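Heads up, the thing below is written out as structure tokens.
Just so it is clear, A, B, C, D, E, F, G and H label the chains in written order, and each chain counts residues from 1 on its own.
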């Protein structure tokens, strides 16, 4: 005679602390955080991890992850990560940066960390605006998109064009793994997790610079409900920021995850 | 019966002052300066020009050109040029920057001037090192190349890979004309001049950001005679920094110079 | 017969964003219309039978606050083993 | 018969870099082995017949210090005109 | 005569706007007024509060330790400001999400189920107006009409269709009058 | 007793190295010494000069207005330092590229065709050694041998094949002794 | 014009527009962002220049470039962002051209927080940038004063070819008060003879801060120093309250001065003969008026939202003649009127010592007070 | 160890290596570049970390990251480059971790020139970064002193969890002098309990400078202030010459102190009873010894290579008790011994006034002197 028993399908990752995130309801920053925590559990990295929080809505990352962390000046996370990794070569160093942080004020630091082939992993959250400061235009803001500093919609003639960070960084020889993923639905969230795992593998194998760009929602500043926000991402961001692998070093291509 | 008379084939451009440049003997910075002066003469731009000198061996450009100039902090010439051009839309604004200036410390400013499509022209002198400060490693220093800060030859594992600025900037939507030329022989010097003319035309037509990367010699810090230096450029730089047009906006392609 | 499952939402973390509600293939999650959490949100909750324990809600939950269980049928001997 | 030309090097600017010497297709430029300019350089100078006034030396000169002339033959009437 | 009011709660509860509305109304009445916010960095979930000072002479500090009146929109706010209300002052509590109340006998405490009322009216966003109504009903420094006028003038155009609802919320809230101490 | 020497000319004339050589030699003789350069931003064509102070007691300022000796390697240097040499002091002039000389009667002036001599020896780079030879021949604070020892020890390895040439240059220069004032 | 309710940041932005602002360059940072947001809509509507820079570093250099054209230009930021502007400010000063900067201070050091603070006094008043130069620093205490001084800032910057900084804490930037706007000035059409605008029909001009030949650089430096002497002689600003019969004086600037005002009023009600001096120009500092006070009053209380930065300037002016006491809150904490009142009572009751450092006395007491 | 001829910059670099430097991050700038160049060869040979950063901004943040691991780290730069480090320095200070910075000052403001200067005194001593923090500033005057203080700098930085700055002018960096190197210290293997090095077998740690809740930030600030009180109490350094019978005193730091020494010697030969005080720690400043001087000597002459930045600290210490005179050269000009001697003679002949500002008197005379 058979018996049934209950198995645990999913639970909160151990690499999270008890703290409640400061993110707005439905903000997919939370999903990105969760994926990292899950991977640190699954890959058994907690004791090796050193996170570098940036300045943005994720500034308090160190409150939510249960491993070592530092907090970087706006845009300088890759420089701090460089300083750490050069001394702590056996640790896994991860920066977590928003689009304003990484590709506006931090352009110099990310480009040079990539071209130096720094053996670090960068998680790049592209939500087309400056969330923490309440929705100003970011380098990633889409043409015509309204923000608090592009009140008439981003006019590319006066305010320039969005930067496709993954595409730009992929031109640098030092970059080994540069991809874009999205967090707007279960399928893409699964793919995003695989990419982050790959990026961490790249670092653990000492193969150099890895970056995963994640398309993310900002319901609050977009003025949408979380569900509407995922749809907006799908309709407006995906066409401009195609999901894909922009740079995969031959040695990286051999890695199976 | 026929008579012969003497015609003037070439003379020092009017847009130069009387001053003797501070460049080392045989440094092709001087050639780049000369080409600009010739074009300003030929295109009748002297009264419209506003130059932005950077920090490097060309810091004193304003002493040699007979038109208006400002001098920018290290790496910030594109930001200064932006401030000027936004107010002086009818003028022709030109920055003149070395590789350390533009693509090391000034990475953020050049990337964002390009992505904003600032209607300025950038002359970028790539001589694979920091000349003014006596030959330190630059982002453009070739793998294995010895400099005063890569005394054992640039080790790409520790010191990273050279940046190909033209290739990187060409990924930005705001960039309309991004090309690379060289100053190592008469033929290439002629082609370089054509490219600079095109870049100025692009600006005069309001078509946005233009940059001409010029491969240039640094005999002094390379430890070579000027003639040897041109050969070194040809042998070592050309393969790594291919001459070519990396971004030519459709509207630009229509321009005939 | 589809597998039987259930979810437990830790209301401390739930912010009533509704992403799980939207994602649930079985439409068995809603935001509790009555209760309000200490932080002022209507928390997600299992509203009727039919949860298969697929875990999709957990995949989209930004607050990692859903615990998912599934009933597994296993043969006697394996129990002994 | 190739065109006849000549160059005048302004020694104030010449730094004796030899690029013009190298570039001259007619090999008619050398650095004056004797004279030293006020800045301490051996200046470039036309050493023998054969300059065609092609101007290539001027194209490579980093100091814009070479003036190039060429003799042009023109018909009488055009002189009158 | 100077009156200090602190309104405190979560970000997103319309707290800052409620305070500004008071300020507009006071200015339009020809009074001196200062409005000053203080909020956490997060967009939501963070705490938000503002201090409004209404006076008939030049105002010194825009911040005070012991306000004449406090509106507590959530539990943390109650815990923080309950002890600070100046003796004889007023404490308005949003009883919808704060079960606790004040033990103080030297101040006037009014509990208003603002969320429920707002949702009854049909729009959760009216919670702050309900509270404002209650505030002025118990602290008569300005007539309700002044607020309604300010609303009409300063509510973003796109929300004007909501004016009637706002008025209703104010009046509903104004029904909650506590007995003076 | 303290002796100040300024060597001045174009960048690229080996001026800084010449000064350092003096400093090494002085240190090895157990004397106190300071060497300090000052140069323009350009790599070449700019002016370069250095001040060397040799003394038997702790040295205060590494810079002085009126040095005991000046070596002028180009015209601008002569114009600048001729008037500054302290009375009774020494002025060495590189006559190869400086046609002008000093009018001063209160100092000892020695003209040395350093470039020609160096080129005669067969290496233009020896100009600075020729001048150094002349300097010590007229300012006997150190024996020539001390300089030769310093050269052997501090000339970059790859140039050691040039040592004999350097020695020769020193001696050639040492032949230029001017009459004392 | 009628009184309107203005938020400090917006009021400053509008005042700058009315003063003829031609170009603004900035980057978001709390608690200053409203300035940027306001101008992002206002400037384009007027056909003027607004650029959101990629960083404060870029912003200050865009200002540098724009200022070289002789136009009226401005940037604004808050503490960490202003730290990134130090090199650019030094260049602007070294080039002797006018520019206006709004600095809305927040809690530090580092990322700190977004609460109001005055801890950048030294950075702005003593000079955070390299080299010898002074910035003209004005510290308004109300929205109306912010409006008035912003308009003046441009005139002063041009008159003396200096950088003028409006230095406020988050309180002034974030608070709303009724204020009256000045009329709209026409945008300038005539430019100074140093402006770089293209050499049309004239000899070339250049603007630079490099003078590789030290004697030339010394001339520039001496000129800058002499210009500053004029500023010191003519531009000292401050406001006093209840001073006539004061035996004690409180000194505080910006919103701290307002907290002090409330406290002084309360103290007066208790019969304590105390007055208030509120420095408005922090550089040049009202040194003389304070030196004179030292001959008139019994003691001075300095109140700041920093660990005693202006305090040192007050002490230098007092020259040890009378006791100086100090009270402050740090890291984004704001001294409230009752705290200042308590310090005033103390000053009036127990005589303060002449020796020792007021900061040490404050540090010894502060834990028991907060 | 034997005396060797060292260039100041190289000597400092080697001294840092001997002190156990584990990682260096920097960017080229004259007159500091030799430091970078020296370490680019030396560090890799020892298997230690050397990174040429893309900018000073990146360099200071690499230092910040590296310092978070508890390692001995350093950067170096010169005036404009240091201005770019202000934000990072404020973060490091706010995070309360140790770091060492070498600042080889050059002429400014702006790009200025590459000649020696002391015009960044205020920036480094008063605080160029935002927020309330002090850096421990040491100003050596010779190559040997540079070596000794560089070694100490690391110990002090770690003892007080502060940034220690070796502040020199281009003269000290560029000059060569005989000096003796300390023995090689082993690289550290034990790390402080705050170091972020991966949470192996322990609870997580984090290092941050953001305390969004002002009361928490205030606690941090008070801790920083109290730590600084200890530094002030224990780390004041200075050197005096010919003071016993001195009736006049010259005060100058760094290479200006050396020019003053030559001048004082010359003056002594003329029989003028003058002494020299050379501050070595500029922060903490030798305030007390100067205050005491004010009761002993007739007048003081301050000599600097800036427009009177340390002068203000001397005046504050003197409290108006005796006349203070001032002499300086600017923009890369170096005061030579004969100039200082002339000022000493003047001090000894005509009594200086007590009122007025020494800077104004100097400005009134300087043109006729240069």
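A few remarks follow.
In the analysis below, a residue touches a chain if its C-beta (ideal position, glycine included) is under 8 Å from a C-beta of that chain, and two chains touch if they have at least 3 such contacts.
Keep in mind the model is a prediction, meaning the values are calculated, not measured.
Looking at chain B and chain C, the chains that touch each of them are A.
Touching chain A and chain D at once are the following chains: B. By number of C-beta pairs in contact, chains G-H lead all other pairings. The mean-CA centres of chain F and chain H are about 34 angstrom from one another, to the nearest whole unit.
Here the spacing of chain B and chain E, counted between their Cα centres, is 62 Å. Between chain C and chain F, the centres computed from C-alpha atoms are 87 Å apart.
Averaging Cα coordinates per chain places chain A and chain C 26 Å apart.
Multi-chain contact residues of chain G, defined as those touching 2 or more other chains: 30, 54-55, 57, 80, 87, 91, 110-111, 113-115, 208-210, 212. Under the contact definition stated at the top, the residues of chain A that touch 2 or more other chains are 20, 23-25, 59, 71, 73, 104-105, 107-108, 111-112, 134, 139, 159.
Shared contact sites, meaning residues of chain E that touch two or more other chains, fall at 40-41, 45. Chain B contributes residues 1-13, 16, 20-21, 23-31, 33-34, 37, 185-186, 189-190, 219, 225-227, 230 to its touches with chain D in the complex. Those residues of chain H lying in contact with chain B across their complex are 27-30, 33, 36-37, 40-41, 44, 52, 54-57, 80, 110-111. Residues 17, 46-50, 52-53, 59-60, 62, 65-73, 76, 79-84, 86-88, 91, 108-109, 111-112 of chain A touch chain H in their complex. Chain H meets chain G in the complex at residues 57, 79-80, 82-84, 86-87, 90-95, 105, 107-115, 117, 119-120, 122-123, 126-133, 208-222, 224-226, 229, 306-307, 309, 312, 315-316, 319-320, 329-333, 359-360, 363, 366-367, 370. Contact residues on chain C toward chain A in their complex (touch as defined above): 5, 10, 12-13, 15-19, 22-23, 39, 41, 53-56, 58-76, 79.
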